[in-house]
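Common to both upcoming complexes is chain A, partnered first by chain B, then by chain C.
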Partner chain A sequence: MLSLRVPTPTSFRRLHAGRSRLSRDCLFSYSPSFVNRGVRLRVRSTKSEVVFTPTEEEEEVTLPEELQPELMPKHVAIIMDGNGRWAKNQGLQPWDGHRAGVEALKEIVELSGRWGIQVLTVFAFSTDNWIRPRIEIDFLFSLFERSLKSEFQNLAQNNVRISIIGDSSKLPKSLLRLINEGEEGTKNNKRLQLIVAVGYSGKYDVLQACRGIAQRVKDGEIDVDEIDEGLIEQELETNCTEFPYPDLLIRTSGELRVSNFLLWQLAYTELFFAQELWPDFGRSGYIEALMSFQQRQRRFGGRKS
Partner chain B sequence: MDLNQSMRLLSSWIAQIGGLGLDLLWRFIHLVVSLWYIVSGIIEAVESYAISLGLNKKYSSINIEKLRCLAVVVDIEEARDVSKVIELLQWLRTIGVKQVGLFDSQGLLKKSKDMILGTVPGSVLSEEIGEKNSSPDQNPLALEFISSSDNKEAVMKAANILLQDYLKSSRPENDKGENFFTETHLNEALRVVGENVHAPDLLLVYGPIRSHLGFPAWRLRYTEIVHMGSLNYMRYGSLLKAIHKFTGVHQNYGT
Partner chain C sequence: MAELAGQIKRMNGGINQLLEQIFGFSRRCLFRVISMGPIPNHLAFIMDGNRRYAKKCGLEEGSGHKAGFSALMLMLQYCYELGIKYVTIYAFSIDNFRRQPEEVQCLMDLMLEKIKSLLEKESIVHQYGIRVYFIGNLALLNDQVRDAAEEVMKATAKNSRVVLLICIAYNSTDEILQAVKKSCINKLDNIEASGSYKHEDSDIEAKDMENQEKKIQLVDIEENMQMSVAPNPDILIRSSGETRLSNFLLWQTGNSQLCSPAALWPEIGLRHLVWAILNFQRSHSYLEKRKKQL
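Take a look at the complex of A and B:
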């Protein structure tokens, strides 16, 4: 088969769409760096994805050709915003928006696993959301239960580990039981860790860490003088993963804020604000966010990394 | 020359011509896209100058009261040029901003605070704003200087204060401190350690960065975050546009 070695650009159609979709004053207007990246093209191939041959222990990682494997983030966090507005725009009820949001999440979980992302943290329900109408909250929790039940097998088969963080004290007992089963049943899975934040807020996390430390001091495990940043970090709920600090935070629906999510952990996280509402985000939006992440100059304070 | 050899020669020519054609196409597309970025950059600059000169009436009236507190994050490389920061503060004062927090991770701006306060007319330290005759100016610009030590370090110190108080207080064995470690208590402890807890409504990020670079997380709950590009190329029009855009934002706080 004839095989040509040619420099290939990233998808220009999407690149321009991305430029116009993202607000110019938004944190990340697009500024691509055009790099002549050679990709081997097979003339008869219709696939737009590059397949990397896995090592013995790795599973197959299939990356879109716009993305570079060595620059992929290890931990991606997402604020899934805009389900309600999406439903309103479509002339539907809020719960239809939440259903569509679950479908969008399934796709992103699948893509994250396939593209070699290690941890995906999603903000499903904030402590601030408790002020919503009771009927909507009840629907959200029943949807969460149904989704966990129906997807449990799928997650296990795809080697996805599920972890839930947040204040569980107000959650329905049936949901708590299901969460425990899900966490227990997937705890040895290695491909992707899906962390779902329910009843979570950044401030709650710091406060529960303080409570945890207080208990350890009380129990004589540690001394008051030993309390430092590291100890607080150990007690944060995101410590359930090997990579507690997100490399990339995506917020959909064009809002430019972090809304009390992972406050402590986001100090050096790259922020990407997408215009699309969460149910519309999908594969192309995810590629755009990851491309933007890869094209940015990554710096930690004064130290260039 | 046999048929096989001529076919091989022909296919290598086709491959070379194809490669050359693709290379030319790539260069042409590269040129078009580069021109697109140059043109869009020029349009943005022209728009910015039009706003600065007051030609764009849309930006002439800003509901500045909505912006109670503004924070500016400056990349460490750019924080060294204090003159640019001073110019930015003068613009903010012209616009009518009353409270500004200045942040860089290493506290370079904090070290230059005397120079900044001495150069920016009508500027005072925010902690002095309540004091009598702190500023002869009727509309002072209250400045707060923030660095990384006001972030996790401050939360850690505040947590320590809470822990000491919790351990000193006589509490039943089964008390896990739910009513003790609350947001209100932690805010109070942060005040004790000198962390003023002014939550900015708008955070402007200057420099080649795409994060808030360790700005105190505790304050960022509902802050709008806007990346402004390099401080060296800052424009009054862009600043006005960002603030105007913020004043039109509706926050629903989780509802």
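Take a look at the complex of A and C:
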């Protein structure tokens, strides 16, 4: 397997990934990097299992040596806290912090896909965040729109499925339209599911599940006695994924709270509190969190013999 | 010779008493200093690590839980001295029924013994005027434990100084499930009782209001939660270093500060409590500001 690295001229950023045959046994593949690190060219034998993956430096194709593949969590949830404080520390405006936060998110999404994590849920905007200044909220939504537009191709090429959960009733119509297009356009992607919680709170999720169940009881579809935990799980917004319960929750910026994120789903989730602010949380922070997860003993109320 | 031994023993006893009084006095001074800042109203504990403690000290099965009970009594005393009004403890989870039957039985026997001891005159509940609630799916307990629990709740119903909530046969998802069921039943009963209103087509606002009233609201679920007898915990402390909620108070700890000292539960002490409260005081003013804004 050969690997070449070329610098990134601007025109390459829009390059679509593709493969072409060099010979009967050789495939030549190229794809743009998610974070503009350059275009990677790779030649590999067709005799080995050929699965389309974005190409990076050799040592990053496999899992970092600190992590064990059999202990990787299926579902990681992240509370991306600290953008405002990061901006303040740098002497910048809050929106610069959010922009830096989006870049950090892109890196984590890429790493998650590469390291075999199947679901990544991120807390982008809570119901509590509505109290922020209107100018910041408007900026956040326009940043979200811009990011969705610019990253849609990347998501598609990297086989990432995007889903949005939360109360969408207060979101601007243009954003809602983009969200629907994004969800529809990526619904068949299988490598990584990125769930973005916007206008979300754990209590709201349980409440809307409760309302859904009440409606079904009223319509005679189910009996009150048939209401059980499985039914509530089906009605929660995380029913958009096969793995609704996070194995690991990471919160950045050193705050030791869950802040009403994924209430029901966090029953047995391992919690990890990182000191760094979100824009500074990169590969090394992620590895530290995953290493901590892999060392935990999960008993789910029972006993390890 | 025996007289000398007796005298030494009495002296030791005297010294111990003196040391205890000095420690007690220093502790109360420390609490006075801490009380200058905000004190949490409600503390919750996940008492994890009893069995590991027994193994570590080479004790027999069951001794870890007994040591854990002593640690709990000490913690309750400190909370009382600090003026913390509500304390919740995770005594036994519904998931714990999956353990070996011998261990479950041993725990049930210990709990029965300790619950009965709460009824004694010298017990801590009478000393401090504690009202006790047993929170959980009590139907899953055996008759003896359930009856003892109900007796304690009845006997302490008039106390009001401090509230102790003991979560036994409890799971947060089970608590939420029961609240959801009750909310559904109540709402459906209300709809049936009120009948349907006939509105004019132009009376959209009234129709909207009616639709809103028909929908289950957050307060409907919350008032049906067993834990609604207490405010939300300010701090949740889980011993033994594990950092997870293990299906405990998921609904109520959304904004609680989470602490996970590495000490096993029987090793938990004053310094862990003080550390948790100091951390709470650090973030308290920011949280209060947020609460007012909401």
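The rule we apply is simple: the second predicted complex is superposed on the first by the 241 of 305 C-alpha atoms of A that agree within 3 Å, B and C clash if a C-alpha of one lies under 4 Å from a C-alpha of the other, contacts with A are read in each partner's own complex, and residues count from 1 in each chain.
FYI, contacts are C-beta pairs under 8 Å (C-beta built on N, C-alpha and C of every residue); 3 or more make two chains touch, one makes a residue touch a chain.
The model shown is predicted, which means the values in this text are computed figures rather than measured ones.
S.K.: Considering only the touch criterion stated at the top, classify A:G91 as touching first (chain B), second (chain C), both, or neither.
M.R.: neither
S.K.: Looking at A:V258 after the superposition, I want to know if it touches chain B, chain C, both of them or none. Which is it: first, second, both, neither?
M.R.: After superposition on chain A, A:V258 lies in contact with both partners, chain B and chain C.
S.K.: Is A:V224 touching anything from chain B or chain C once the two structures are fitted on A? First, second, both or neither.
M.R.: both
S.K.: For A:Y268, decide between first (touching chain B), second (touching chain C), both and neither.
M.R.: Both partners, chain B and chain C.
S.K.: Which touches a greater number of chain A residues, chain B or chain C?
M.R.: B
S.K.: A:S126 in the overlay: touching chain B, chain C, both, or neither? Say first, second, both or neither.
M.R.: first
S.K.: For A:A214, select first, second, both or neither according to whether it touches chain B, chain C, the two together, or no partner.
M.R.: A:A214: touches chain B and chain C.
S.K.: Check chain A for residues that touch chain B in one structure and chain C in the other, and list them.
M.R.: 128, 131, 202-203, 206-207, 209-211, 213-214, 217-218, 224, 227-229, 232, 256-260, 263-264, 266-272, 296-297, 301-302
S.K.: In the complex formed with chain B, which residues of chain A make contact?
M.R.: It is residues 2, 4-9, 12, 15-16, 19, 24-29, 31, 34, 36, 126, 128-132, 202-203, 206-211, 213-215, 217-218, 224, 227-229, 232, 256-260, 263-264, 266-272, 296-297, 299, 301-302 of chain A that touch chain B.
S.K.: Can you tell me which positions in chain B touch chain A when the two form their complex?
M.R.: Residue list for chain B touching chain A: 11, 15, 18-19, 22-23, 26, 29-30, 33-34, 36-37, 40, 44, 75-77, 105-106, 148, 151-153, 155-156, 159-160, 162-164, 166-167, 176-178, 180-183, 186, 205, 208-215, 217-218, 220-227, 238, 241-242, 245, 249, 251, 253-255.
S.K.: For chain C, which residues count as touching chain A in their complex?
M.R.: Touch list, chain C to chain A: 51, 93-96, 98-100, 103, 171-174, 176-177, 180-181, 183-185, 187-188, 191, 215-218, 221, 242-247, 250-251, 253-259, 279, 283, 290, 293-294.
S.K.: State the interface residues of chain A toward chain C in the complex, per the touch definition above.
M.R.: Touch residues, chain A against chain C: 128, 131, 202-204, 206-207, 209-211, 213-214, 217-218, 224, 227-229, 232, 255-260, 263-264, 266-273, 296-298, 300-303.
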